[in-house]
């Protein structure tokens, strides 16, 4: 469990961030609104959990944060500087401060390079000359992420998935960034390995004072790392707040549904009160009218079809929710925030 | 999609335009003086000059080119030796063949179409079928035979196989008539029997390439996660292979098939020469050798049209079979 | 396993190619009769010009005769016919002023065709020629052929649009090579060119400003075919010639086939040479020479009554000539097309070098390189043996394989460096190799320079062309020395380009001889040309005579009455019939 | 046939270090690169070794042509027309095969087929290899640029590709050769065969790069989506590093395969051009020209067809098999 209170100055500030992809179907052309106006802030050393089902736009958001994708609209500020449309050389300094860990440990490592080289590339590309030499720094990094430093000359195919993900983490850490976007870093791993990697990240968070934007598709993984959590649905944030608020008092029906799906070995299947969402996810291709979640929401009323709910604070808390009919009281049985990781 | 199409068509038009200009220029770089072929045996420089002037060949090149292009779009008046007015699309008049080029094209184009289209159907069916089956029955005797077949086919040449097939089936065993062309509307049976050797030869060599390609593609696709997932979900084997795998494996085949068929429609010089059938390819070759500019321009442009159209069709088909592809 | 299967399958196919590679070739074969010479007369007895033609032994009526040929005939319009295929086909559907009675064995008689005689030299000085048109000659629609239609045909040959045909009559009548500016056909369609008159419907008179004793020969070319002015469709006439011969064209599918059927208005009694045995002739286009030959060898279906017009390709001769069962289905004759190694006398001015070249040449091996005895037959004279009055001689006797020693002796230690221009196609470059290796044995240094095939003829015909040696072919329009030696060696005709005198020889004594012989009556010229031939070779050696082309044709077992024409050396169809 | 990477991974999962080369104690771990693994797989592949050996043999023969001539005792230009019959066909058995003429004699000119094939291989393989290398380099550059840069550069390269594909190859070749040779050589100078070789290579280079370009572009477009490319981008590497260190090493397999297919196609393509008078002309020995010429003698001199025919078949087959083997070795997944 993280201890340091979040810093007061936002390191990363995102306003109205949007990404639209043109999609051609048959003989027509439509716009896919992958991310459609997202606001959040991350303070130095703080970890924001970004949660949502696949296809909700969280990965696209992550890619835009590290400027691998060009935002369609909105603004990204890092350390007070507008980085929304930085290009080429101007982007270089940012690369040293903002790094990314990828989801797929198999495709994120160049199979033709040794892990040593993979980790060294960010150093070389950014002209960083560590005091002991690049080679020593790489060994150090391998040690930090829990790998044998003598495996410097090995190729990715000689490692397991978990080991590879550690290499990916070492690469992200090489330039000593202040913020790391972790894009579902464990979802491709076996459950037993997931826990190891999550623990590694927690350690890094604690020891290096790193800030994370931790992207995940379920709330379970995020719980142990995040100071704050944002829930995304169809390219929008539907609820955001401090971890404890989100987990104990989820107000948006979608958050509730997600939470109910968190496996909990201590309770029997019957009294888990799992909410099964029915209905189809609205297509991100269709023009939005009203609440995007209404097609699956059991509380949907006429108003939801007409008016889109704004992301605002309800009940005077620092918990923002975009719902006309937010949950009034804690209804999920996961009352307390558990300090232990989900597994192992 | 519509915008994509428009852009592709515009780009293709530009390709055609560039090719027509280049062909025109190239033609005048050819060592042969086209006028000599229009001048009787004992023609002299004065007469050559006069013929040249009459045919507009002493006009500046750009003017000649403009005249030619105008003919295609609007039609134009040719001089009396060329049969007078020539309606759009006017491809000009060939002194070598002493007929309007449009007549030559009308004659040879169906020949090439008749060779290529059935052959393409054959080679695609045979090649892709064989490749799929051998991928699914990997390691079996059938697979090995198919590999042997495709390696052999891919290592042989049309002129070689064609000559041997002709010698064996036509001249020695008399099983197949001598290759010839009859219009399909006139006598479908004769049409088929006259071209069957050409089809078989083309199909043999091409299907070999397609069998190799589709086998490799199929194997690669079969090892992809989504196929394994589909199988593990218990979806019937036939549906998985028939729909999912085939669909994914066929995209690269479509690309290559488009290029091959487009190119072949533009003329199969070697095939036509091997089997002695006068199609578009041979006509192009003859036009180059004989310095027949109007025929050359027409055949080159038609060949180019086939290739660019095939490319566009491939892109469209691609978008339909592989929804992942965004035409951007 | 994988490679074994593949290799086995592949080898099986390749081994197919090796089938039949087991017989021993001992070098037996049919040799060409190289000694066929031509004797020719101009008929003096009007009976010779009368029909009907003598029946062909064994000929029967009926059936369809097929002619296989790769490209279509480029012109069918008689005023534009000049290709050998056209000259071969035209007599089937059109008649001319005069024509050759040819027995296929070298005996030629020039007779009147539409005319009652092969022309009458009115004044005895070859300037005025009169023809009388036969009675009973008709077009395919039954309308009579008169001197008017013949004159119209000749008149339209002045039209510059109607390219392709010969130009003798036009140039002689207009007395200038610029005949089409001297008399504009399009502006004067209702009148006749200068010097051509039709005093009445039966009489046609040519009046020349200069003597042209060869007129009766020239009149045998198809451009004297008649045409009713109403039927003239200009350039499109190529696709629908109006028949005056024994057959009429009933169907043309361009590039595919041409069908000729009996013309019932043709009267055999008026025709001294043509027959009308088959019901129809079908020219079918497309197959190449190899395919044609193989079809004929198969001898099945319609191919049994067919001839392959493109001849037996040299790559197949061994299979055809070595096959005894095909012997009675082949036609093998030397033709009048003479090939020579032209020496550019502007560049090679030293007679002894030109003579050394003549001694050095190895005709035997050259002919092997060309494809053997069925492709070419050695020649030591400028005129081919098929010329009237021909005399065999060898001015530089060196044997069939040449005499490099004798050549070296003449060169006397010099090493002349000569450039041989050849077309850049496969066949010609091989011949270049052959000639180079051959001549270098005799002490020459030869550079083979390839010239783009399409332009080779034009380039070598240019005065001041940069090459020393090149191979030329001459096929005369009629078998007289007059149509061979003066065009090839009269130095007064040399112009900037388009020369026939590609040796660029200009010997005033020889030029005077040309004038002297040309003024003689055609029948007496023959021996004089033969003498002059030898004199040119001995005195000037402007070329190395190499070989004449050999006609080697194959026809189906039911095709009869075929022979190789003595005038052009191509198959003739006037006697053709289909065996039942 | 080959150890798949799955097995490698599985092994490393359980006992890291066992798959590595048995390194001397204390010298640290040295991993085996994919290239080394591929080489190891290739070495264990019998087909690859046999086809590779055949290719090496052909190259050696081509290189050692003068040496072979010396040992064989016959000049490629030497004519033996005394051994031809009156139709110009070789006397004796099987197209004139004798102790001194191992593969018989050419009809017509009567030159020795064996020694001309040896020299012809030299010409043809040189042209094919040079053209193969040049077209592959051009194709890879164009493909990588188009695929990686996308946007207008992709559009322009795509357009040029379309243009090159639709361009009338024959006409360009036929117009180019005489025009260019006129520019460089006088009307009385023989055009040396080296010049013709250069022109042929140029013609192939002008037209042959498109398929490699398309292939590479496709590969790069799909690679571009791979996360390690994004990772490199996030690391702030330069474009050159991206193209040559990240992208290129991952597309060697298709490049090598397309190269191995291109080379034999140039051998046969060159045959067609020679036939049209654009390629290598007599008397320079050329394998492609020989094959094309020999086809016409299928009925009368099968031996003449047989030896060049079998040789090109084996050559192309060896290229195909070796190409496949290389692909399997580099990218074992495709054969899994």
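Here the chain labels run A, B, C and D in written order, and each chain numbers its own residues starting at 1.
Definition applied: contacts are C-beta pairs under 8 Å (C-beta built on N, C-alpha and C of every residue); 3 or more make two chains touch, one makes a residue touch a chain.
Model, not experiment: these values are computed from the prediction.
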**OP:** Please identify which chain has its centre, taken as the mean of its CA atoms, farthest from the centre of chain B.
**Re:** A
Original post:
So which one's got more C-beta contacts, B-C or A-D?
Top reply: B-C
Original post:
Distance-wise, how many Å sit between the C-alpha centres of chain A and chain B, to the nearest whole number?
Top reply: 53
Original post:
In angstrom, rounded to a whole number, how far apart do the mean CA points of chain B and chain C lie?
Top reply: 38
Subject >> Inter-centroid spacing, chain D versus chain A (mean Cα positions, whole Å) >> reply: 50
Subject >> For chain B paired with chain D, centre-to-centre distance based on mean C-alpha positions, whole Å >> reply: 25
Original post:
Of all residues in chain C, which are in touch with two or more distinct other chains?
Top reply: 2, 6-7, 10, 17, 290, 294, 452-453
Original post:
Do you know which chain B residues sit against two or more other chains?
Top reply: 30-31, 151-152, 155-156, 160, 164, 171, 289
**OP:** Return the residues of chain A touching two or more other chains; collapse runs of consecutive numbers into ranges.
**Re:** none
**OP:** Please give the residue numbers of chain C that touch chain B in the complex, ascending.
**Re:** 1-2, 5-10, 13, 16-17, 70, 72, 74-75, 80, 82, 160-167, 171, 177-178, 180, 186, 234-236, 238-239, 254-256, 285-288, 290-291, 294-295, 297-298, 300, 452-455, 458, 495-498, 500
Original post:
Where on chain D is chain A touching in the complex?
Top reply: 5, 8-9, 12-13, 16, 19-20, 28-35, 226-228, 230-238, 241, 245-246, 249-250
Original post:
Touching chain B in the complex: which residues of chain D?
Top reply: 155, 158-159, 162-163, 165-168, 170-172, 174-176, 178-179, 211, 214, 218, 264, 268, 271-272, 276, 291-292, 295, 298-299, 309, 312-313, 316-317, 320-321, 333-336
Original post:
What part of chain D is in contact with chain C in the complex they form?
Top reply: 46-47, 50-51, 77, 79, 81, 84-96, 107-110, 178, 186-191, 274-275, 277, 281-283, 289, 293, 296-303, 305-306, 309-310, 313, 317, 321
Original post:
In their complex, what parts of chain B are in touch with chain C?
Top reply: 30-33, 36, 38-47, 50-51, 54, 79-83, 95-99, 103-104, 107-108, 144-145, 147-149, 151-152, 155-156, 160-161, 164, 166, 168, 170-171, 174, 178-181, 273, 275-278, 289-291
